[in-house]
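Shared between the two complexes below is chain A, which has chain B as its partner in the first and chain C in the second.
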Partner chain A sequence: MKDGNIEQKLQSEAKALLESGKVDYIIGFEAGSLKFTTTPLITNNIADIDRLVINPFIVNNLSVYLTEVKGRVGIVVKGCDSRSIVTLIQDKQVAREDVVILGVPCPGIIDLSKVERLVGKDRDELDDITRDGDRVVITVDGNETEFPTAEVLFDNCLGCEFPTPKEYDVLLDEFSPLVAGKAASQESLEKLKGMTPEQRWEFWKNEFSRCIRCYACRNICPACFCERCFVEESEPQWISPVPRWQDNLMFQIIRNIHVAGRCTDCGECERACPVNIPLRSLTKEMYDIVDDLFGFKAGMDKEAAPLLTAYALEEAEDFIR
Partner chain B sequence: MASSNKKINKKDIGKLLNEWSQEFTVFVPSRETGTATMAKWDGKDTSFLDWYRNTVVSPKANILPPMEEMFHFQKDKEGYHIELPPLDGHKQLIFGIRPCDANALAILDMTFNDSYEDPYYLSKRNNTILIGLGCTNPYDSCFCTSLGSSPTDATNVDLMLTDIGDEFLIEAITDKGKELMANISLAEEATEADEAKAKEAREAAYNKVTRQLDIKNIDEKLLASFDNQDYWEKIAAKCISCGICTLLCPTCYCFDINDELLKGQGARFRSLDSCSFPVYTKMPMENPRLEKWRRVRNKVCHKYEFYPMNFDVIACTGCGRCIRLCPVNWDITQTLDIVPAKA
Partner chain C sequence: MKQDLEWEPRLVGFLCKWCSYAGADLAGTSRKKYPANIRVIRVPCSGRVDPLFILKALRLGFDGVLVSGCHPGDCHYQTGNYYARRRIAITKKFLEYIGIDPERIQASWVSASEGGKFAEVVTAVAKGLKEVGPNKLFADERREHRTKTTK
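Up next is the complex of A and B:
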């Protein structure tokens, strides 16, 4: 189905949900204020529903708002976002009956940074970006150039295992096929794994030297739902608020461990980072480790116990029993 | 009448920067660290002339760094002994600062050079030379023209460069700038034709700023809407309370102070803080800005209402970083567009 038709279907579903009182709020995407951007639309007003869009730039993982918006919510989600909702249900942050999930089978989201590198122009200097299946046409100064879609999708989209939402109430389109880009999605990670520990340490030292401690990576992340984050503790003080690279790195490592088993590789931490720290190289490695060690992928089954926070009387190890 | 301005060929910029390096630590736009900042000139790379539109981290960082040691101390039986570090007074020259960021430093001066004179800030500020570089290609998020400025505004720099093709026109704005200009060995006198080209370039750049914001009576409108919770809740709904817009804003200056003590030795640091964070206003009994809408309101009003009250100037220069870098596309111009005229 074309994006326009999905949009129409979404708008009529959303309207019906608000009209019938089945939900109090709709969380979706509307056109952003900059070229090729969308922005979250959180509304209880039926008049706003016509503004809902679906296009290749719906980057945000909107489930981050679920722990905050009061009442019952109809929410637009892609595959990875739907898994974030499932983890929130598993962690008892969200009740399944309080959300109506409007699922978008996702063909992958366009990474504007990749587009910029590909054409050597900033996003606001481009005339147009259109996607037609596995081809993308980028127009600069009136000249059209065609590229394979796989060259401009986010790394996490290239490696996406479940583009169609696992959990939904309404599916807005047919199932979406996988994008063939597994190898490309792991490229930056493989490069890091090829380094010696000393080289890797040097690499991360450089990366985290420019961290400004804005916490966008944490705040954009649906898995980071703690009301009080460890970085804000002062007794004891786990992390210095002074943004030295060592503390910046420790913050990110601890955050990464805290989201293990909850991270769905939606890639939002890396996208949100204003100073381009390749955070997904950490979270994706953790995602793979969780899968290897426990055979666990986050957000696949809302009935399953959460990976690291569940406790059973029959635990094998004495120390936990 | 001959122009009192000069000009320099773009290919001589490297030599010029090397000349200046004799006297100053020279900073230029750089992507070496992985993001665009003002970084120490390496003595050769002038490729920024091709890609530079503006830096992600503003030159505020050269004057009010993200973290700074205020003093160190030792603790023994007699108590604490405080040792002040020498104030950082090295002479720095920032090449290519954009008008919005230079104007922002003038706004910061009002706070740091007020009844309290901040020695840490002023020691750097008073030893900094600003070489402005007019924009030729503003971002779609830029809105400096709505704030009484322009992409080629020379008000708050020492020396201003305007792109006139193969050359830059050089104007001396301050006495320090005049002294510098007199000593540039590679500069030539600018002709009337050069001045005409510069005028054209200024107009062209001005017209390229398309984002518009109506600031008429904005402080009064904000004052009237201060208690309009509905408006602020709506405005704040999608904000994720991260610190990008504030920490990277060239006019935001809030900082936090922390003491670090280890084995009898320690130091007091100050580092940038953000009113977007709930802990910013956390106090023993309560937090007056626990709700997000109160924090968003503070951010907007500080710039467009409180600063005008205190210093008669809006604390925003339209650099657009907060719009460009926001991960949810929260846009201050949209927020201000719909401030209710009456509450």
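Up next is the complex of A and C:
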């Protein structure tokens, strides 16, 4: 189905939900103020529903708003976002009956910086970007150029394991996308693993020297839902609020341990970072560690216990003396 | 006269109150010898040990951390050490990926009757840390006497 048809189906479903009073709010995407961008739309007004869009730029993981919006909510989700909702249900932050999940099978989200690098133009200079299956057509000054979709998707979308939502009430399209490029999505991690431990430490030290501790990564993260974050504790004060690289790095290490088993590799932290720290190279490694050690993938089963509140009698303990 | 001090690793031990702490006590009362590198913090259960404690110790310049609890099945609270095991497993792997030597994060099961084992564990961990060397990971604002090495 074309994006336009999905959009129509979404709008009629959303309207019906609001009209029947089944939900108080709809959370979805509307066109952003800049070309090729979208922005979250949270509304209880039926007149706003026509603004809902589905396109290859619906980048945000909207499940982060679920813990903030009171009442029953209809929400538009992609594969990874639906798993975030499942982890929120597992952690009892959201009740399943309070959400109506409008699932979008997601063939990957287009990374505009990759497009810019590929065509060597600023996003404002592009006329159009259209996706047709595994090809993307970019129009600049009236000239169309075709590229494989895999070259312009976000790293975390490449080789996506679960493009179709795991949990949904309405699936807006039937097709099940296959996203190529598994190897490319691991590239940055493999590069780091090829380094010596000293080089890796030096790498992260460098990256986190830029961190301004704005906490955008934490605030955008659906898995980071603590009422009070450990960085704001003052008795005892675990880490200094001053953005020195040591504390920045410590903050991010602990954040990653806290979201272990909740992180679905949606990539929002890295996109939110104003100083471009490659945060996904941390979160994805934790995602892989959890999978390797315990065969646990976040957000697969809403009945399952969260990773760190469960155990098996026989488990990896070769590191214990 | 300037004294040349040989560098000795500093190790924090988080010992569970029911098993490992009693095991450490037994090591003392049975006059077992083990290196004085360990600074012991008693915790109610190995499950109380937040990965944040481990990080904080390293951040403060300790050279290693030992978390020790009851053997699987022997936890006073039935299951605390199982949770600890999962948490330490992911912490250790993740820190290794960041570039922290996995030797610095140690765990052991020591029961209240294993004074001998406690002495052995501390000896082995201290020896391992000596090979790894001083923790300069977060250096540049730590006080100097903490990193004093042989000149």
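Note that in this section the second predicted complex is superposed on the first by the 308 of 321 C-alpha atoms of A that agree within 3 Å, B and C clash if a C-alpha of one lies under 4 Å from a C-alpha of the other, contacts with A are read in each partner's own complex, and residues count from 1 in each chain.
Quick note on the criterion: contacts are C-beta pairs under 8 Å (C-beta built on N, C-alpha and C of every residue); 3 or more make two chains touch, one makes a residue touch a chain.
Computed from a predicted structure; not experimentally measured.
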item	value
Contacts of A:4 with chain B and chain C, given as first, second, both or neither	neither
Which of chain B and chain C A:309 touches, first, second, both or neither	second
Partner chain(s) touched by A:220 [first = chain B, second = chain C, both, neither]	first
Partner chain(s) touched by A:294 [first = chain B, second = chain C, both, neither]	second
Which of chain B and chain C A:177 touches, first, second, both or neither	neither
First, second, both or neither for A:148, with chain B first and chain C second	neither
Which superposed partner A:244 touches (first chain B, second chain C, both, neither)	both
First (chain B), second (chain C), both or neither touched by A:34	first
Shared contact residues on chain A - chain B and chain C	244
In the complex with chain B, residue positions of chain A that touch it	32-35, 37-42, 60, 64-65, 68, 122, 124-125, 206-207, 209-210, 212-216, 218-220, 232, 240-244, 268, 271-272, 274-277
Interfacial residue positions of chain C with respect to chain A in the complex	51-52, 55-56, 59, 72, 79, 82-83, 85-102, 106-109, 121, 124-125, 137-138, 140-141
In the complex, chain A residues that touch chain C	192-193, 197-204, 230, 238-239, 244, 246-247, 249-250, 253-254, 256-257, 260, 282, 285-286, 289-290, 293-294, 307-311, 313, 315-317, 319-321
Contacting residues of chain B [partner chain A, same complex]	33-35, 37, 53, 56-57, 66-67, 137, 139-141, 237-238, 240-244, 247-248, 256, 258, 260, 269, 271-272, 274, 277, 279, 292, 323-325, 327-331, 333-334
